[in-house]
Amino acid sequence: MTTRAEFLDRIRAQVRRAPGRFQAASARRPRHAAAEAETIRRELAERWPETLEAFRREFEGVAGVFHRVASVDMVPAVVAGIARERQARELVTWHPTALGADLAPALGARGLDVHSMPAAAPAGSAERERLRTIAARADLGLTGVDLAVAETGTLVLVSGVGRPRSTSLLPPCHVAVFDRTALVESLRQVGVFLEAWHGDGRAPAGGASINFITGPSRTADIELTLTRGVHGPKEVHAIFVEQPIRG
Amino acid sequence: MTGRSASLMVTCLGDLFFPEVGVSIVRLLRRLGVAVDVPADQTCCGLPLFNSGYHADAAGVARRTVELFGDSEHVVVPSGSCAWMVKHEYPGLLADTTLARAAVELAARTHELSQVLVRVLGVTEFTSAVRGRVTYHDSCHLLRGLHESESPRTLLSNLEGAELVPLPGADECCGFGGSFAVRLPEVSSKILAKKLANVESTGADCLVACDAGCLMQMGGGLTRAKSRVRALHLAELLDGGR
Amino acid sequence: MSDAELATPFRQRAGSAMKDAFLQEALTIATTKFIGLRREAFASFPEGEALRDQARAIKEATLQRLDQHLETLIGNVERLGGHVHYAETSAEARSIIVDIAKRTGARMAVKSKSMATEEIHLNEALEAAGVTPVETDLGEYIIQLAHERPSHIIAPAIHKTKGQVAELFTRELKRPAEPDPEALTLIARGELREKFLQADLGISGANFAVAETGTVVLVTNEGNGRMVTSMPRVHVAVMGVEKVVPSFTDLMVFLAILAKSATGQKLSVYTSMVQGPRRAGELEGPDEFHLVLLDGGRIAQIDGPLREALSCLRCGACLNVCPVYRQIGGHAYGYTYPGPIGILLTAMLEGAPAVRDLAHASSLCGACADACPVRIDIPHMLIELRREVDDRKIAPWSERVAFKLLAGLLRRPWLYRLAARAGRIAQTPFARSGRIGRLPLVLGEWTRTRDLPPVAPRTFQERWATDRDLRA
């Protein structure tokens, strides 16, 4: 078995022997990522309508379905509408602390079967199994959004407590709720946030998985014919809430 | 071009198979007031040896060439691939020899024909030797090696008596590739067939290129198919008289 | 590629591929489409050129400190609770993964698309150890059922028609399948959903690994990458050492150009970042995370002629524009990685003798270098490989003799002139109305499909020497 020392020593020896091909540098990282992220937030707060419009265009361009409501208490009606169109009954959702609002009662009142993901990790694997079965059975998964990227129409979701990966992966329909505070313009800005989260900041939920989601799951592996809903969701909806969710 | 004189690097394929191209270049340059000389005892730039990996031998041929053209103020080359060889590979091949500096200097003084006419001499208007529609194929070394796609098109679109029509897939290889054409002749021929189908689709009377290798490949395919399309070198097409 | 197939000269394999009508049509449609998509994506992306330069520079800079970046990566993966393993060879990598599977009691492994796992021939080893590997990328799933290898780096089943896939599903899954891509995809979704949820082990590759944070990055479209790295209790990622990038800021440069180069998308549907096993408080995620760092001939090239090939992002752009690949498809190349970059990677992994023929499977047109997002000069390295084949006398002696003669001729102008005169005489029986229709031996390879111009009655230099009006 090759040891770490042996492996790295071989690489080191090669690197020492080889002259660089040309002057080259890695990308320049933000000096104070958290501060820069803050600045981005502040600047974008002034022009969020343009950023939102750009996001909508790109999001629809990758077959996302965009919705807009004035306040978070109007979200359940939209979700119920989406569910009705798909004859969906069962729904899994992030825990209210992760979503920023408790929508379960209103959704339940509209005849939907709602399973909120727990705030704490279950003690045993049996409980984990049960929750996963529910997620696999659900017709619709409701999540929040950590970053909504206008350049590409991408939703960035960090996993963690109360916000498992399966909610945006297993059900065939994914509905994501966000407000202006999640909007960023570009991939470059996303990079700043990623640096900030891992440097002096902390990721929104500190889970082990960060997912960039750009539209519904797709493939063109058979004769280059585009089909949606391969392993991940077949539909992705984004509901923009004009009034910031967390007040 | 100070002093208005240039040396012609005729190239092996040009010398042996397409001497009329050299003749046209001499006439064209003379008409523009450029004194042309042809250093004696030319053979080849060495590209066939280089491409097949025989670099020591290619370097030997490169040495000859550098010495032969040592006194030339400007060197004009009818083929993009040979011009590329001199400009791009000679300095590296001769880097550890006494001719290192001379090779770099030669590279700077060497240009493919269309570049000489348009970029160096600033002349773009000629009379076509063939009337009718012409279509242009970008040879790979000229296009991607020397980053030249404009000069030939400038000349062809200003060519009196000829109408330039675009060639679909003009930037796609013709399948020559030097020894590739006989090492993998089936693949080379299929690539050629695609190119010729594109050529026929233009309805052109004449196919133009700036490389003898491409012209051998495409011209050979056209005559084998008894096509009415003629394959000509740019120099021949521009040599329409006054 | 079986030994029997490798014994067939490349030229013959290429010939068979060109006679396969299905393959020809599939290749034409697919490569043309990919070329168009890539062109459109970059046409509306003016920053693209600068980002390509930057990406190339980051790869070069990373190589210059590869040991340090890997050390940082390893430290961070371990800090997050992951395990790192070191595989010098394919055999070692297989053995590491099989050991993990055995130790964790895995009976079934789901795999997301990974060329690295194809390279090390992992599936056979897993099967031999009693672990059932299930490919979950639709294209890989198809070829797994068909017992074939991938024919394109990003679209492995590009050579199959929907009719062929329907027949395959009907036969292997024992259920009727319509030759309709959407219906077939739905079948695969159903079959594989079960596997994702039941599998003990998830195996993936890695498009990138961020050293600064210990993050492994997967770029996918289907969602299988997310499944494989979240559902099973053990996740193993296999990664070539050259995939490490220093930071997230560097990563974003690559993400901005990778999908555009591969399929013309701004981003693939899923970019999944995995940072160790499940954390405290998380509901889902593997108990164990393993990163297998793979050498497989890469390390030797840090100071080797194929160093630039280490920058490859495995996007497939070079395949789509290659006039040779477009005619013969991936299988004819005979190894895991096809196309222009595939020849270089094969040389890296198997040595120069393995590419004795493949190094010449190129007209050196340069379309590959043009399309490469990190501007790898593939033709230059193909010529270097040819040189190595010549220097080590692997090239056939008849060829070496022929080129020696040519070299001698080109250095002696009197011999060159003599050869021209000899050619003129020799061609007389063959030349007809100004062109040559048929020649023996190697030149017959040309004349089978093309005419050859005859050696001119007087060469240019002969005319220059004697025609006064030419000189005047």
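Letters A, B and C mark the chains in the order given here, with residues in each chain numbered from 1 onward.
What we mean here is this: a contact is a pair of C-beta atoms (placed from the backbone, for glycine too) under 8 Å apart; a residue touches a chain by one contact, two chains touch by 3 or more.
Values in this document were obtained by computation on a predicted structure and should not be read as measured data.
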Furthest chain, CA centroid comparison against chain A: B
Distance-to-centre winner among chains (Cα means, whole assembly as reference): C
Chain A-chain C separation of Cα centroids, rounded to whole Å: 31
Whole-Å gap between the CA centroids of chain A and chain B: 55
Chain C-facing residues of chain A, complex: 1-4, 6-8, 10-12, 14-15, 17-18, 20-22, 24-30, 58, 62, 117-118, 120-122, 128, 131-132, 136, 151-154, 159-161, 164-166, 169, 187-188, 190-192, 194-195, 198, 206-225, 227, 229-233
Residue ranges of chain C in contact with chain B within the complex: 11, 14-15, 18, 323-324, 327-328, 359-367, 369-370, 383-391, 395, 403-404, 406-407, 409-411, 413, 416, 420, 423, 435, 437, 442-443, 445-446, 448-456, 458-461, 463-465, 470
Chain C residues touching chain A - in the complex, by the definition given at the top: 26, 29-30, 33, 54, 56-58, 60-67, 70-71, 74, 80, 84, 86-88, 92, 96, 136-139, 142, 155-158, 160-162, 165, 181-182, 184-186, 188-189, 192-193, 196-197, 212-213, 215, 221-224, 226-227, 229-231, 241, 246-253, 255-256, 263, 265-285, 293, 295, 299-300, 302-303, 307-308
In the complex, chain B residues that touch chain C: 10, 12, 14-19, 21-23, 26, 38, 40-44, 46, 48-55, 57-58, 60-61, 64, 140-141, 144-145, 171-173, 175-192, 216-217, 219-221, 223-224
